[in-house]
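Paired with chain B in one complex and with chain C in the other, chain A is shared by the two complexes that follow.
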Partner chain A sequence: MRLEPRVETPWTIWVAAPLAAVAVSLVLAALLVLWSGAAPFSVFGLVIKGAVGSQFALFETLTRATPLIFTGLAAAVAFRARLWNIGAEAQLYGGAVMAALLGTGLLPLPAPILVPILLIAGAIAGALLLLGPTLMKTRFGVDEVVTTLLLNFIILLFVSFLLEGPLKDPMGMGWPQSKKVIDAAHLPKLIQGKRLHLGFLIACAMACVVWFINTKTIHGYEMKAVGFNARAARFAGMKVDRVMVKVALLSGGLAALAGVSEVIGLKGNLTLDLSPGFGYAGIVVAMLAMLHPLGVVAASIFVAAMFVGADAMSRQAGVPNYIAHVMVATALLTMVVAMLFTRFKLKWR
Partner chain B sequence: MTVDANAQPGDIVLRLSGISKNFGALKANDGISFDLAKGEVLALLGENGAGKTTLMNILFGHYVADAGSIEAFGAPLPAGRPAAALDAGIGMVHQHFTLADNLTALENIVLGTESLFSWRADTKAARARVAQLGADFGLAIDPTKRVADLSVGERQRVEILKALYRNARILILDEPTAVLTPQESEALFATLKKLVARGLAIIFISHKLNEVLAVSDRVLVLRQGKLVAGRMTAGATRAELAEMMVGRPVPAPKVEPQAAGAELLRLDRVTVLGAHGRPELDADLSLHEGEIVGLAGVSGNGQAVLADLLSGLVQPSAGAFTMFGEQVTSSDAAGMVARGLGRIPEDRHAVGLIGDMSITENMIAERYRAAPFSQRQLIDWKAAKAFAEDIITGFDVRCPGPHATARLLSGGNMQKLILGREMAGDPKLILAAQPTRGLDIGAVGYVHEQLLKARARGAGVLLISEDLDELLALSDRIHVIYRGRLSASLPRERFSVPEIGLMMAGQGFGDSHAA
Partner chain C sequence: MEAIEIIFTASLWAAAIRIASPLIFATLGELICERAGVLNLGIEGIMTVGAFAGWFTVYLGGDLWTGIVVAALAGAMFGLLHALLVVPLGLSQHVTGIGITLLATSLTSYVYRVSLPEVTSPPKIEPFQPLPIPGLSDIPFIGEALFNQTPLTYLAFLAVALVAYVLYRTPLGLAVRMVGENPAAVEAQGIDVTLLRIGAVMAGSALMALGGAFLTMSAFNSFYFDMVNGRGWIAIALVVFGSWRPGKALLGAILFAAFDAYQLRLQQIVAGVPYQFFLMLPYILSILALITMARRAGYPRALMIPYRKGER
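Presenting the complex of A and B:
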């Protein structure tokens, strides 16, 4: 059995690869379900029903997908330029801290002014959090995988400090949480009485913006060129370091929007469990989407559906909802293998 | 023309029968059969992409042939196992050496031959054996030196010793002279004669006709995966071999004499410092309108640094650098493009093109910032595509269209794309670094034609090449570069291979820079 490079990749492969990856991960998960003593088809049925089977379930899935779209876009933008930003979690909390800092009464402004200010301030905070590691990479060659990953823990501890100190809610019965943001800071709900909020539409709009930047502007062209071949890009006259900084600002800003949107759209305040790993899940989303910004929206909804559906399923079937983690994780692994087949074909001999 | 693929005298040591190998639609090897006899040097001649390296990789077990079989010393050679080839007494010296830089020469030679389960290596016996082999075949090296400290010629000797140490009876040399000075090549040929006198059989892979004539007993010619011709070397001529290799007569480039014009480029003791603050380049150079100045030298003597300097990739640390009469103080790649310098980089895959992007995207890489390719930061893909199409037709690039991925093109077509991009602005000054390396003869002719055309319209060309024949054919003047310094230039009427060869080895440079 040998791998031979493909001369040309038919478009069917590009569509089939992620679908096949998801299918294989379902089969692997089915084995685990069998092991836990339940019937795979009924369990998957419950997962699907719990994810999209009702209006409530569907809105819940889209609500859960919202932060994933932001962090997925952050990873997609960075990875396209080969800037390995593993720190979306830190940037997310950077945005959330800004929202909690400015949105809890510090700026008594009307909503149409306050909400954009919070989004922009959050994005700037996230952008700056990625700027540091990126400058260390371009100036001194420090590996950004290490710095961005470790920054996640530093920022989480910093948030913990804020929530025990300066930002602690005096009315919070001693819980480490910030005050609630003021009413004017809230993102409006898309439908009365549901949790789905404007953040979802902002996320979809950002996906379109990133798509536009990637395909139509010189910045997107530079980012692609630097990602594919930095030496050749430099030879052609591109300022590779400057392009990296642009990528960092965009990626960090996008990740931070996830935090802002969670605080002012859903939770209302900043807590230490604001993100159950949205930053890391964004990497999975970006890989499943093959770094395509519009694909990120689809992949986010898939991943969110898995988690929301598994929660519902575990209540009824008694299979632990960890199965969702397993499925998403195996989907990532099978996706990496599937990506291989977009560049190589298998030859038996 | 009949293919005389059979060895005449002596015992057959190696027999290839009907070897075929396809890569997708490409027939890399198509039914190749030949014999190799004890005591002969067999030259395998062919252009790039003719299938020489594929064939040798099959022989050595790196690839598995789709069809055909190999016999070594009368026994069938199992396919796909380099270890089997080694055991059968086949040794290979690759074009790009496979040595561990951080080990000594001796350690490299014995690497892989010691038992995994013995506590210590029998260094003494190994050293004695290496010394004996070295003395027998004129392969003198210092076995205690680290490979990183050896010259390229010495590294090649280590590679050959490595094969001999494993009792190789058949030695395959893949483009062995590509990195050697003419004198070093002579020494290698002497070694090869000694080896065959002792009964070894040698396969010598090359596309350089002079060498094939000088060293081989018999020559086989590969073209597009097929064995197209074979004959004894004695009595063959250069033109004859070239025609066999290409399949048609090959005209030599014609250089019309013309007077040089105004000075375009001047380097006065321009120094570039390397990573450790040591000067890697200390150059004096002057280039005028309407002349091609050649730069000869063994690879790694500062050619790449000079090319990087002119490309705007490294900064000069001292000296006066003038281009088009203006002082260049700080240079960057975009600035050089803006000044109107055409730059053909040495490595078209890694530097010249972005392989995973389309032809259109590659063609605008130096010009996307300005109209007509972009306005207010928005790229006009229509204009970009039209530009790419112009280059494709103007430079006869064979490709499915401007949307095609650059990586999928052949080396010659890639080089045509780069030429097209660089010549698009009719540059007054052209830097051509190894512009024909790895191209087939047709593409080489095309590149030469373009450079001569640029010269004819008054552009100045700096031609950096490791192919002396190319430099002699095209240049008006030749400088030799050695350890970062440039010799005075030799005018065309004073070109002489032995003299240039000695200069390439350092003669006339003094030894103030000697390491």
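Presenting the complex of A and C:
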């Protein structure tokens, strides 16, 4: 048995492979649900109903998808150039800290000026957070996987320090949380009375921007070339290190926007549980989207639907909502296998 | 002054050895995988699985050592999954590893919640007790630091010796080291590269799981979510720091743990510095260690490169 590269991939494979991936993870999840003593079909029904079954559910799903689009784009941009940024969680908090620092009254500006400043300042913070590990990679040859992972822990501790010290809300009854951002810093809601906010549209716009950079600019071409074969790119006269830095700034900035948008769009302040792993989920989103920026939007909505649906299901059926995390993780693994079979075929011999 | 005196207390070093134990298991496990040419980023998740599986076995009435065996087997199974995806299929070791970590952690949380739906505080078990080694434990200083630990700590040290022996003194070890450097040469010897790598990743993953089990069965006595808390990632840094050698990795783990134990004690003496900065130090230290070592690191040449028969 061996793998043989396909010369041409028939369209049936392109359709069948992702469907098979989803089917396998659904079957695995069904077995787990069965084991917990619940009926899989009614549980899946509740998940779908909880995710898209009502106007409220649908808006909730899109709200949850917003940070995932940002972190998913961050991972997609980085992975395309083979920069293994596993630190989106840290960069997210970097952006959130900037929003809490500048948005809670330090800059008394009107909304049309303040909001862009917060977004840009946050993005810069995130970009710098990834710049460090990237320079360590290009200068000293330090593997960025480990450094970005370790930075997640360092930054979370730093945020904990800020929330118990300089940024602590004096009116917060002792809870480690920042003050609420001022009214002018808030992202407007898209629909009156719903939680869905402008961040969602900004995220979609960023997906288009990344798509434009990838396909229509020399930068995107270089990033792809470096990811495909860094040595060949170097021989072709590209400055690989400089391309890596560009990728890092873009990726880190995108991840940080997730933090800014959560603070000024949804939560209103900075807390230690701002992100329940959005940074890591972004990796899954990027892989499910096959690193395509517009696919990231779709994949984020899919993953967010799983989480929101599972939360609702868990309240009714009593199956732990961790099932959603299991399904998302298996979807990642089955998807990368499925993608392999679009490039290779199995030969029995 | 007090800050320096601490370094010469036996209790600091006893704590260091205790803190080092799970790191020793995990670092050894990752080292075996990487020596065979496979990066295993599933480590964080596999440690979580080990922590849960061992503890849960004992909670259900199993023997402590049965728990250890179950933990190792559970780890090996996730190792098998990782290996099947990255060795024969040649998938990205980064993405697959992260996927394994996400799967293993979420599956553990799910199984925990389904098995123990009603509990509010995590149930406790009777963990491994310190086992003073007769004679040796009476040696001043060294006895208290080294020979008054739980059996799992002794097992960690034995594992280092065993892994070093197998890697450097047996044909199997030679094959494992060679498959991480030049798989084609291994193939030429008539050894199955795929099987060898799968076996190495399974063995390594079993050791990682023991590192996790140490947390629930020796260091503490119950299971918490997120209790591995980045130890897996630190182990990966320690492998680089130890230049892929078991002895140096052991030294690295102990130094790291001594530093960790030291900062815990320093927190009580140095007033005015927020505790978060002390807690950051181990992670920062790991990054610094990587920077200093990365230049001269002798990566296994075939690390992260999938091997396909007959392909150049």
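The rule is simple: the second predicted complex is superposed on the first by the 339 of 349 C-alpha atoms of A that agree within 3 Å, B and C clash if a C-alpha of one lies under 4 Å from a C-alpha of the other, contacts with A are read in each partner's own complex, and residues count from 1 in each chain.
FYI, a contact is a pair of C-beta atoms (placed from the backbone, for glycine too) under 8 Å apart; a residue touches a chain by one contact, two chains touch by 3 or more.
Everything numeric in this text was worked out from a predicted model, so none of it was measured.
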According to the stated criteria, A:L254 is in contact with first (chain B), second (chain C), both, or neither; which is it? neither
Regarding the shared-chain residue A:H219, is it in contact with chain B (first), chain C (second), both, or neither? first
May I ask you to decide whether A:L157 touches chain B, chain C, both, or neither, giving the answer as first, second, both or neither? second
Check whether A:F140 is in contact with chain B, with chain C, with both or with neither, and answer first, second, both or neither. second
After lining up the shared chain so the two structures overlap, which partner does A:L102 touch, if you call chain B first and chain C second: first, second, both or neither? neither
Quick one: chain B or chain C, who's touching more of chain A? C
Which positions of chain A sit in both the chain B and the chain C interface? none
Which residues of chain C touch chain A in their complex? 41, 85, 89-92, 94-96, 98-100, 102-103, 105-107, 109-110, 113-114, 117, 229-230, 233-234, 236-237, 240, 274, 276-277, 279-280, 283-284, 286-287, 290-291, 294-295, 297, 308-309
Contact footprint of chain C on chain A as seen in their complex: 2-3, 32, 35-36, 79, 84, 86, 136, 140-143, 145-147, 149-154, 157-158, 160-161, 164-165, 280, 283-284, 287, 318-320, 322-323, 325-326, 328-330, 332-333, 336-337, 340
Counting only contacts in the complex, chain B reaches chain A at residues 23-25, 64, 311-313, 332-337, 343, 345, 350-357, 361, 365-366, 368-369, 374, 377-379, 408
In the complex, chain A touches chain B at residues 4, 7-8, 216-219, 221, 224-225, 228-229, 231-239, 349
